[in-house]
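What follows is a group of structures, each given as structure tokens.
Consider the two complexes below, in which subunit A is the common component and subunit B and subunit C are the respective partners.
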Partner chain A sequence: MTRRLVSALALLGALLLGVAVLAIFLGSARLSPLTVLRVLGGGAGAESTEHVVVLGLRLPRIAAAVLAGGALAVAGVGFQGLTRNPLAEPSVLGVSAGAAFGVVVGQLAGGSGAVFDAVRVAAFGFGGALVAGAAVYLIASVHGAFPIQTLLLAGVIVGIFFGSAVTVLISLVDIDRLGGVVHWLLGNIAPLPARSLLVFACLAALGFAAIVSQARELNVLALGEEAARQLGINAERVKAQIFVAAALLTSSVVAFAGPIGFVGLIVPHMLRLLLGPDNRLLVPTAMVGGGTFLLIADTIARNAVAPAELSVGIITSFFGAPFFVYLLRTRRGVL
Partner chain B sequence: MTVARFDGVDFSYPLAEPRRGHPFTLRGVSFDLAAGEVFGVLGPNSAGKTTLIRLLTRIVSPTGGTIEVEGVALAAMTRAELARRIAVVPQDMPQGLPFTVQELVLMGRYPHAPRRFFETPHDLAVAREAMTATGVLDLADARVAVLSGGERQRVALARALAQEPRLLVLDEPTAHLDLRYQVECVALLRRVNRERGTTIVLVSHDLNLAGALCDRLLLLADGRIARLGTPAEVLEETMLTTIYGCSVSVERNALTGRPVVQVAWRR
Partner chain C sequence: MPGRTAATVSLAVALVLAAAPAGALTVVDMLGREVRLPGPPRRIVSLVPSATELIYALGGEDRLVGRTDFCDYPPAAKEKPSVGGMISPSLETIATLKPDVVIATTSGNRLETFTRLEQLGIPVYAVHAHRIAEMLDVTRRLAELTGRQAALTPLFAGIERRLFAVANAVRPYPRPRVLYVLWPEPLLVPASGALLTELITLAGGDSITANERGDYPRFSIEAAVVRAPEVILLASHGSNSAPPIAKDKWERLASLPAVKSKRVHAIDGSLAHRYGPRVVDGVEALARAIHPEAFR
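Moving on to the complex of A and B:
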């Protein structure tokens, strides 16, 4: 088991590294590979354009994409295990929308939108994600189970509700106080300042640790809550921990990149095809695989229509929506 | 030696639940489970049989009285401590489980080291031995979802054996099995009881199965103990007729001398 996990992680890690190298050489500013290498080698002045593009824009953006993708995929595995439903995912469950509402409120609460307080915004997003997740949970649970239709409907409804709440806020407030909000709402990776990147990384690590430490318990929960308790699992605590951690991961992504959909659906499913249903393999590989996936999507978003840019959320939705339909038709209720 | 003791146990479900059935309670239930015995729990629908299992595994807690397992109050044990002592074979598993037989059986090792991330070679050895005991080792890599009812039952039993419990609780173990698998299941339980010394609690609707297999029977009716004793004492015509509300006759099996209950079908 350990060997399987290590080799899967090594393979995915190598893939991630390859994609990251590719991503750092690609971009709308036409820099030759040699120039990029010179910057990375420290051979360019700190004021030069090359230096700013490579170290100030591309590298932080790569880091943000990897963190966001990993966090979303791990949150997806968590929500899927929790609801025993392969279609559960942060955006499908409306948790992303709740987090987005929280983030917008957090932006407004800070006075000027220009002052970007990473921790405050993330905290408000977390609150929004918890409220939305709890609402879906209460609406969809039927005697402790989550029938697929009820769960999806509850997620859609809660998502619509918070989506319109965001729209209301935006229309009430001077749009300048929410600089770039429309772009952000589409799900958009931006080169984050170092401090924000650090906060993001800490939150993602926290959420990841909380879920991976319960991966074995998450497996047993598939037998049903009563059977899991009879096997020695404190089911309520495990479920609460995974729920809170998945909400934390979702909200940190929303706060630092926007509500990006379907990563938590596509990546865990592909990993399940490769590695099987064991969450002890899925959670760690989802962190790396999700990062790779979103980095690929973001590199496409940056370069497909250069010098303009697409939002990465548009790319993931473009591929994610058909994928969702495929899962719905073929794997009803089977994790 | 006593494996488990119920002492004046009362229980009623909280207000929300009885609306789905009739207001349900257990009253003053007291009995001891002796080490190594095969103990049957019988009774009509909603007599309290499943509630008894849920009390014993602390899914629900008594509203009065105490339950002890190996001399320790149930309430003082952690879930893992309890699961190392008591394993439950449920009536059925959820549909569409994604795991293989071996993965499922290995879950039985959880309570022995809850903090461990992956199972050890020892865990694997115990799981494989349990699969051998129930005859599902050949199916180790098959997905549980594709198995037949009889195979699933044996996998569930293997998972419970991998827990290495002192007390094995079975909830309607033969409900989904045809005659041949019922016979196999009974033989298997006898073997587990004999070879491992595991105490067995069998909750069943099947009076004849319980009568043939069990050392002692507990007959529940309306949440109270109607009778507790040997199969011959409990499976008795007037008692069963009163409790089940239909006329029965009890004869002796010519081979085993055990009581055999027959229903007098109304014409």
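Moving on to the complex of A and C:
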């Protein structure tokens, strides 16, 4: 197991590095590869345009994309293990929408012209994610199980509810902001300042640790709660921990990048095809694989229509929605 | 350049003043649709904050019987009954106000509102403006609808005089490259279709996003940095729940001439984002932010 994990991580890590190198050379600023190399080698003044573009914009944006993608993919693995349902994912479950509502409330609570307070906004997002997740849990649970139809329907309903709650809130408070918020709701990776990146990384690490430490228990849970109980596992406690951690991961991504869909669906499934269902392999590789996937999507979003930009959430949904349909059709017998 | 833009505005004013008033019963709105009115409208509902401001500026508010929640200027407008928001106004409330005509816009109201009102037999008159010349056209049309043509000449004269004053004040100075940030995250900027782009030109600046497609597109920060803006203007959004204007985010981009010379300014978006009479205040505010040296 350990050897497979190490080799899978090494392979995915190399892929991530390759994509990151590509991403730092690409951008609407059209810097030559030599210029980029010179900046990376420290050969450009801190106040030069090249320095600002490469180290001030591209590098923090790459870091944010990798963090967000990793967090979403791990949250996906967590929700899928928790509900024993392969289609569970932060945006499908409506948890992203709940977090988005919380984030908007947090921003409005900030008062006039206040500096973007990363921690406060993330905390509100976390609250929203917990409420939305708990609502889906209560609506969808039938004798402790989550049949696919009720789970998806509950997720869709809760997602629609919180999505419209955001619009209602903005329309009531300040219609001038609606345009900006609508763009934000599509999901966008931004070059975050170092302080925000640090907060983001800490939250992601916390969520990741909470889920990876329960990977073995998640494997046992997959056999059913009766089996878990016989093996001495406190299923309720494990499930609560996974739920809170996945909500934390989701809400941190929403707070720093907006609601981005389908990463938590596509990446875990790709990895399951390659590595099998063992969560001890899936959770760590999802962190790296998710980062790689979202970085590719964001590099497309940055460059496809330069100097304009696309929302990265549009790119992930463009790939994710057909993938979702594919899973729904092919896995029907299993679900 | 500034002389030429001022001349363009002047020409537009002259053309608009010279245009003959439309017929009393059938008028053509700005979408080119024929709108049949029973007679000169005595009861008007405005679903457009800019139009509400213009009706007050023309002194035609006696005929205004309804407005939206967002028609908050002039303050007196808030005393008129509201029919709700711009996106989904209450059709019932509009109907009970028995308007002879409803003023609506294609950017902000929904097509569904247009069709529902017409099904109820309430005429809808559409307005829109992406240029100052079009704003003057909206003004002229509203003057006709409210029977306030007499107020046009002094109103236009005032607008023209103030725009000329700005043009004269900024003319001696070189035109800096301006980045106007409509929304910081994701970055939204005014492009070729935006009224703001023309206002920035009138205020003596060169918008670095003037030639992009659309009205208010998303834009790459990288591309903005490479175009080295000398002035950055961060729009605040009206009410006291203004979003973070993220000044610190721009100040971290040390290579920008605007940052080096400390010319990153907040600007009141409610002045420049609506095509009402306060657009002139918007041009003056923009000019003061872009050329503080001209107003000492």
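For the reader, a short list of remarks on this structure follows.
In this section, the second predicted complex is superposed on the first by the 324 of 335 C-alpha atoms of A that agree within 3 Å, B and C clash if a C-alpha of one lies under 4 Å from a C-alpha of the other, contacts with A are read in each partner's own complex, and residues count from 1 in each chain.
Quick note on the criterion: contacts are C-beta pairs under 8 Å (C-beta built on N, C-alpha and C of every residue); 3 or more make two chains touch, one makes a residue touch a chain.
It should be emphasised that the depicted structure is a prediction, and the values quoted were computed from it without experimental measurement.
Once the complexes are laid over each other on subunit A, subunit B and subunit C both fit without any clash.
Using the contact criterion defined above for the overlaid structures, shared-chain residue A:P277 touches subunit B, although it does not reach subunit C. Applying the stated contact rule after C-alpha superposition, one finds that A:H183 touches subunit C and leaves subunit B untouched.
By the touch criterion defined above, A:P147 lies against neither subunit B nor subunit C after alignment on the C-alpha atoms of chain A. The wider contact with subunit A, measured as residues touched, comes from C rather than the other of subunit B and subunit C.
Residue contacts after overlaying the shared chain place A:E226 against subunit B, while subunit C stays out of touching range. By the touch criterion stated above, A:T49 is placed in contact with subunit C alone, subunit B being left untouched. Judged by the touch definition given at the top, the superposed model places A:G13 against neither subunit B nor subunit C. In the superposition on chain A, contact of A:P193 is made with subunit C only, not with subunit B.
Minimum Cα-Cα distance between subunit B and subunit C in the superposed model: 41 Å.
Once both structures are placed on chain A, no subunit A residue is touched by subunit B and, in the other complex, by subunit C. Residue ranges of subunit C in contact with subunit A, taken from their complex: 69-70, 85-87, 182-183, 185-188, 212-213, 216-223, 225-226, 228, 236-246, 248-249, 252-256, 260, 266, 269-270, 273. Residues 27-30, 46-49, 51-53, 56-58, 107-108, 110, 112-116, 171, 173-177, 179-180, 183-184, 188, 190-191, 193, 302, 306-311 of subunit A touch subunit C in their complex.
The residues of subunit B lying in touch with subunit A in their complex are 54, 57-59, 78-84, 86-88, 90, 93-100, 103-104, 107-108, 110-111, 114, 116-119, 145, 163. Across the interface of their complex, subunit B is touched by residues 1-2, 84, 215-217, 219-220, 222-224, 226-227, 229-234, 272, 276-278, 280, 333-335 of subunit A.
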